[in-house]
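Two complexes are shown next, each including subunit A; its partner changes from subunit B in the first to subunit C in the second.
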Partner chain A sequence: MTRTDQPAATGADRERKRGGAGMAAGPKPGRAALGWLASNEAGLLMITLLFVLLFSQLTAGFTSLFNLYALTRVLAIDAVIGFSMMVVLVTGGLNLAAGAIGVCGAMAAGWFMQALGLPVWLALPLALCVGALLGALNGALTVWMDVHSFVVTLATMSIFFGTMILLTEARAFSDLPPGYVALAKTRYGFWSGLLVVTAIVGVLLWLLFHRTTLGRQILIAGANPRAAAMSGVPAGLTVIVCHALSGGLAALAGLMLTSRNGAALPSMAGQLGMDWLLPAFLAPILGGTLLTGGTVSVAGTFLGAALVTVLTNGLLQLQVGEFWIQAFLGAILLIAVALDRLRAVWIERRRVR
Partner chain B sequence: MSDQGVTMPRAVLSGLRRHEWLGLAAVLVLGIVAMAATQPAFLSTYNIYIMLTAFSLSVLIALSQMVILAIGQLNLSVGGLGGLAAVIFAGAMDVLGLPVPLAILAGLAVGLLGGLINGIVTWRTGLNAFIVTLATLSIFKGVNIGLTEAQPFYGIAEPVKWFGNARLGALPALLLVSGPVVILTGVILARTMFGRHLLAVGGNQQAAALSGVGVGRIIVLAHVASGGLAAMAGMLAVARLQLGQPTIGDDWLIVSFAAPVIGGAVLAGGHVSVIGTCLGVAIITLINNALVLLRVDPFAVQLLLGFLILFAVGLGRVRSGR
Partner chain C sequence: MTEQSSGREPVLAIDGATKRFPGVLALDHAGIDLHPGSIHALLGENGAGKSTLIKIITGVHGADEGEMRLDGAPAAFQNPRDSIHAGIAAVHQERNLVPRLSVAENILLERMHTRFGLIDYAALNREAARIMATLGLDIDPRRPVRDLSVAQMQLVEIAKGLSVDARVLLLDEPTASITPHETGTLFRLLRDLRDEGVAIMFVSHKLEEVLDLCDTVTVLRDGQNACRSEPMQGLGRAELVQYMIGRKETFVTGRQRKPQGAPLLELNDVSTDLGHHGISFDLRPGETVGLYGLVGAGRTELAHAIVGAARITGGSLRIDGEEERPRDIGHTLRQHRIGYVSEDRKGEGLVLMHSIRTNIAVTIWQRIAGRLGWLTPATEKRAVLPFVEKLEIRAPSVDQPVGLLSGGNQQKVSVAKWLAAEARLLIIDEPTVGVDIQTKAYLHELIHDLVEQGTAVLLISSDMPEMLALADRIVVMHEFTVTGEVPNDGSSGEVSGAIMRCIHAEGEEVA
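Up next, the complex of A and B:
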């Protein structure tokens, strides 16, 4: 598996001998397979637990069963939003349209169920397909126009959201099947049932990136598109696949949010769906997915989302005032990317030696 | 739309390459003639005033993004910073009761400082400006919402309100700010050492550094200029709205990219055009106005802007291709 990148092989072996740290410590090609990175997830987990401990001591409400249930429900959705961005970051690109696609997917599901009267088992996969299709369009445009996905998804964010508003006339679908709305209300103890969806998605993504040829091709093409193309990897195709996957995951997050809200709302991700951008970037970057592409950490993204959710929830419990939360999260992102940069420099130095 | 660009005759293409803004000017003139012929209200003094007001504001937003595009970076925080400067400007008058000149200075200082932070963080860490400005966008917006608690400031000084509504025939007073700023930006880019260094850094950072350009200084200064322009746009928005809305700047992002890109800015940096950007803003203003006069859903504007960005980028590829 690590034959693709000789220097990394020793790193991966070393990592495995140390016993690794959870899912993401598995063997993978490229820079990610260096020992130090393995502790990133462990570090995130410890910081998160530390904050859980801190907030449970400082506030009365944090550890209440209902709050933990609400927290895990937000976490389940935000982690999927993070996955949606993660799978494009792997290619060295990004997806500004994630929020817009998420809302489009949710509104499509609402339309299928309320206007067409389709059953839930048919409407939800169809809505996911809508998301994947919009994502694939992003990928195809990126490859075909040969420009950075930033500008493509900036344009399509506007196009997707504008089209959705014109088609729905900005009206919500609130008459959804009770079975679907009940999905988000399932709970096991204080765990939200939505976490099951997130966990399944996470395992599938991990399998994709670490156990399939396609996944390895995506990682290689993300790390160095030219070298990948020369060694016969269809680099353009991997970009389209990743964008399609990102669209599908965004739609899934939209469906989960719709189930939680009990209605498909055009405004659920803010103007042009841009309210999702911050959680979308925070989770993977905190989790150690490099902006330059070629690395991925599914467990890291989940833990990144967990840290953000715990911090947001805890700060709200501390009565910091919800108006200041956004400023806090922005500052966290800034610190996270600075650390991300440090790590990238560090890995680069290790590779040169 | 893009197919049209690909099959465009060679002669037209080479003409476009030499005077890239001529095509835009033609599109603009065509649009104006079409609107004037079909909509009698279009050429009324009041409608022209409305369009020029929108233009005065949008052109500053577009220039704020353009100076960053010039160095080959992106600035997502244009709207966040403009909005923060706007509420600081309004709050200085409403809450602190400062006189107008001091309030203007406060707003401008916020813009310059925010730009300085963007520039220094981008330069010192070597991070992608996209992610830095995404973070600072949240910080600026968060501070904005934290300070205002999402409520507008109403106590805007009378001279500011007057300025926001004053006009001479079809000419809004706001043009007194944006007109000189546009000309100044054009002159700086085309005629000064700083302007040429700016484009050199955008074109090829390493080559610029090797030929003795202080790359770090240029990057930081570009971000400071961008912040200042965003702050001016924010304060003009306060004057026009007659109140310090915390939502000012929320919808600037698409326009800020669309206008320079339509105007021929190359996203990789090193090539921007003030005339092109102005024409881009004018075309966007015209589309906006046309859709209002034709009573089309305002969200159709967003849709069209998206297509325009894709079209302009596609055209840019064709132009630079052969």
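Up next, the complex of A and C:
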């Protein structure tokens, strides 16, 4: 038994030649530096840095400390929104209700703190639980009804949002504890303190998917639910877990946004929470999470969110209108999806002999 | 080569047809001669090359070698359209109907009647009704095909094949799912067509039908002619079975196994929600029981029921003598250490986009993980490597996606995951389909060794020599029930004969 990185290399030169520069699917922690440079994540990082350089030359305001602070604060929140979609894309599904759940979580937190007077340390975890429960409901419905999560979350998006408006009478909770509101104002140099939260979440997600049995089961069930089930993996359960996780992450993003706004607003993610959908899909898809499920890239999702945030911020600095930016981001999503298809086809090709 | 009774030239003749698929020689210099006014039986075991031959005739596949002559002139079809133009019609085994379209649209799909560029549905339906009437078929031509029964679909498929006024008509198992009455109607029609001078090729596993209907027979075995265009006269079912199975010696190893101990698995009059009924057999440690039957006999489905992927609705299933109703595959695996090597490697056996490491370790994650399910690649690698080495899985690294491996290596991975799981009972479904000859021999040896070491193996295979080489006893299944059990004493001829009798008994009592 060996513990080196090249085991069982018994002949098969043909295989070796092909397998070499593999940015093929699947977790591959021991990837060589050269391989990493060819990876999706490295590409994203370089494009993002390129735009940072470009915008810093084109506008004076882009590199100002305050702008960078504002930018990282948006990034912190958008990355969590991206994570929330990423964890269901892994199952081959999606969560249209992410925004609605995010707002529900935020409003629940506002109610806990303002109406019930619960302390922050209790109110926030409870709000996360509300999000996770709503997400778990999505997952359970998807599994029990055996329909695509598209249909389920399209329906629950309206149900969750509508119920929330009914319960709150569309009123904001603006009398929040100062300690909670101050969280979003923490600042290290030009870094927003919210990035710490995002980083912790990112590391935990990475550990989940690459270092725990549960995460591995989620990935394998996402790649091929039938094969996973025939190997004794509870495939249905992994779908429910992922949706619950997605709900919890959406609620977390809602809490971060509430802290930034200083109030829990029913309108903070637009009608039905749909303003979140574009950033939610953009980050993971740019980051290389396949829409067909079975792969995940936490770093990629973060970098995808970074690219989107830099672009939005930079274009705003250039006085490009808000609506043009929306159209631009939509175009980027299309390109990313096209690349995703190409990649999937490419992986498929490599697979066929 | 015998002379055809009519003495006429064959309308279609094939000589030396050879077709290779990766790792498999599907046809090996096979030949057949189809004469006008004759019904020609094409027989052979599953995988003998019948379907490949039909696909060469209809232009679906091109032959690697060999010659096809149409009316004595060399011909080669690039695609199915060419063969239809040449007057060759085929009724394929697999359904080729469009479920949402009507019966008439399906029958006349290739030749829609149009008026002013629009489909003339009145004429279409009239024409379809006329064609169906010749078959004694009374189905509303406007009904969508998806509303029909399986038997009706098969009849529509036949009607479609008959609609083109072909000179050569190929029928691949047309009677697999229709009633005796409908079969009778079909046979009358085929005899009429024969008398009109059509050359008909008829593929069926039902030997009685073949003996009743056909006047000439070609048998394929392992892609070669066991006989070519022989007159049926003077041949009986025994001779046909012998042609199909052959007398090729099989290296039967260590048949003197004496499994000791109580049965690990006992099925008693089991029925399932998939339609099984009256399934009874048992399996002891250190024993291989084979499940033999035709494709569609319900063997894979039975395996699913045993591991808990389908529901058992009646009878009793005992594991170690304890009554059990498998519900959950994970439970079956961890509690009883029962593993299932699927026949459908790509669909349910392996996750192609994931690594060798993941695919093998998936069955043992729970066992090798630390607290809170903590699992590192190094732990996995350590657990997986012995099996990668033992099975000689060829790959540059265990991190290689399984989809990049050859078929043989993929099959080794799908076996390795259950070896890693230390399965006491291994259900192995068609272990050597699409696997090269060397790996096949290796896998046979491996199964043999496992059984020697006390593993119980339930082997599902349509490959008769494989069955004879590996199984101690052979349980024969037909139409979702057990029709007999044959001990394998190593005398291949008698055993395979007994098996064929069980299958073709068609409900009669068999020993």
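One rule holds in what follows: the second predicted complex is superposed on the first by the 314 of 353 C-alpha atoms of A that agree within 3 Å, B and C clash if a C-alpha of one lies under 4 Å from a C-alpha of the other, contacts with A are read in each partner's own complex, and residues count from 1 in each chain.
Please note the rule applied: a contact is a pair of C-beta atoms (placed from the backbone, for glycine too) under 8 Å apart; a residue touches a chain by one contact, two chains touch by 3 or more.
Just so it is clear, the structure is predicted and the values come from calculations on it, not from any experiment.
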So in the superposed three-chain picture, is A:L154 touching just subunit B, just subunit C, both, or none of them (first/second/both/neither)?
first
Examine A:G43 and indicate which partner it touches, taking first as subunit B and second as subunit C; both and neither are also allowed.
neither
Which of the two partners, first being subunit B and second being subunit C, lies in contact with A:P177: first, second, both, or neither?
neither
Subunit B versus subunit C as contact partner of A:G262, first or second or both or neither
neither
Could you look at A:L94 and tell me whether it touches subunit B, subunit C, both or neither (first, second, both, neither)?
first
For A:L334, using the defined touch cut-off, is the partner it touches subunit B, subunit C, both, or neither? Pick first, second, both or neither.
first
Just checking: does A:G232 make contact with subunit B only, subunit C only, both, or neither of them? Give me first, second, both or neither.
second
Contact-wise, after the overlay, does A:G294 reach subunit B, subunit C, both or neither (first, second, both, neither)?
second
Residue overlap on subunit A between the subunit B contact set and the subunit C contact set?
none
Subunit B contacts subunit A in the complex at 2, 74, 121, 125-128, 130-132, 134-143, 145-146, 149-150, 250-251, 253-254, 257, 261, 267, 297, 299-307, 309-310, 313-314, 317
Listed in rising order, subunit C residues that touch subunit A in their complex are 22, 307, 309, 328-330, 332-334, 340, 342, 347-355, 358, 362-363, 365-366, 369, 372-378, 381-382, 385-386, 388-389, 392-401, 403-407, 417
Interface residues, subunit A side, partner subunit B - complex:
94, 141, 145-148, 150-152, 154-159, 161-163, 165-166, 170, 271-272, 274, 277-278, 281, 285, 291, 321, 323-331, 333-334, 337-338, 341
Subunit C partner, complex, touching residues on subunit A are 1-3, 5-12, 15-16, 18-20, 22, 24-30, 211-214, 216-217, 219-220, 223-224, 226-234, 294-295, 347, 350-351, 353
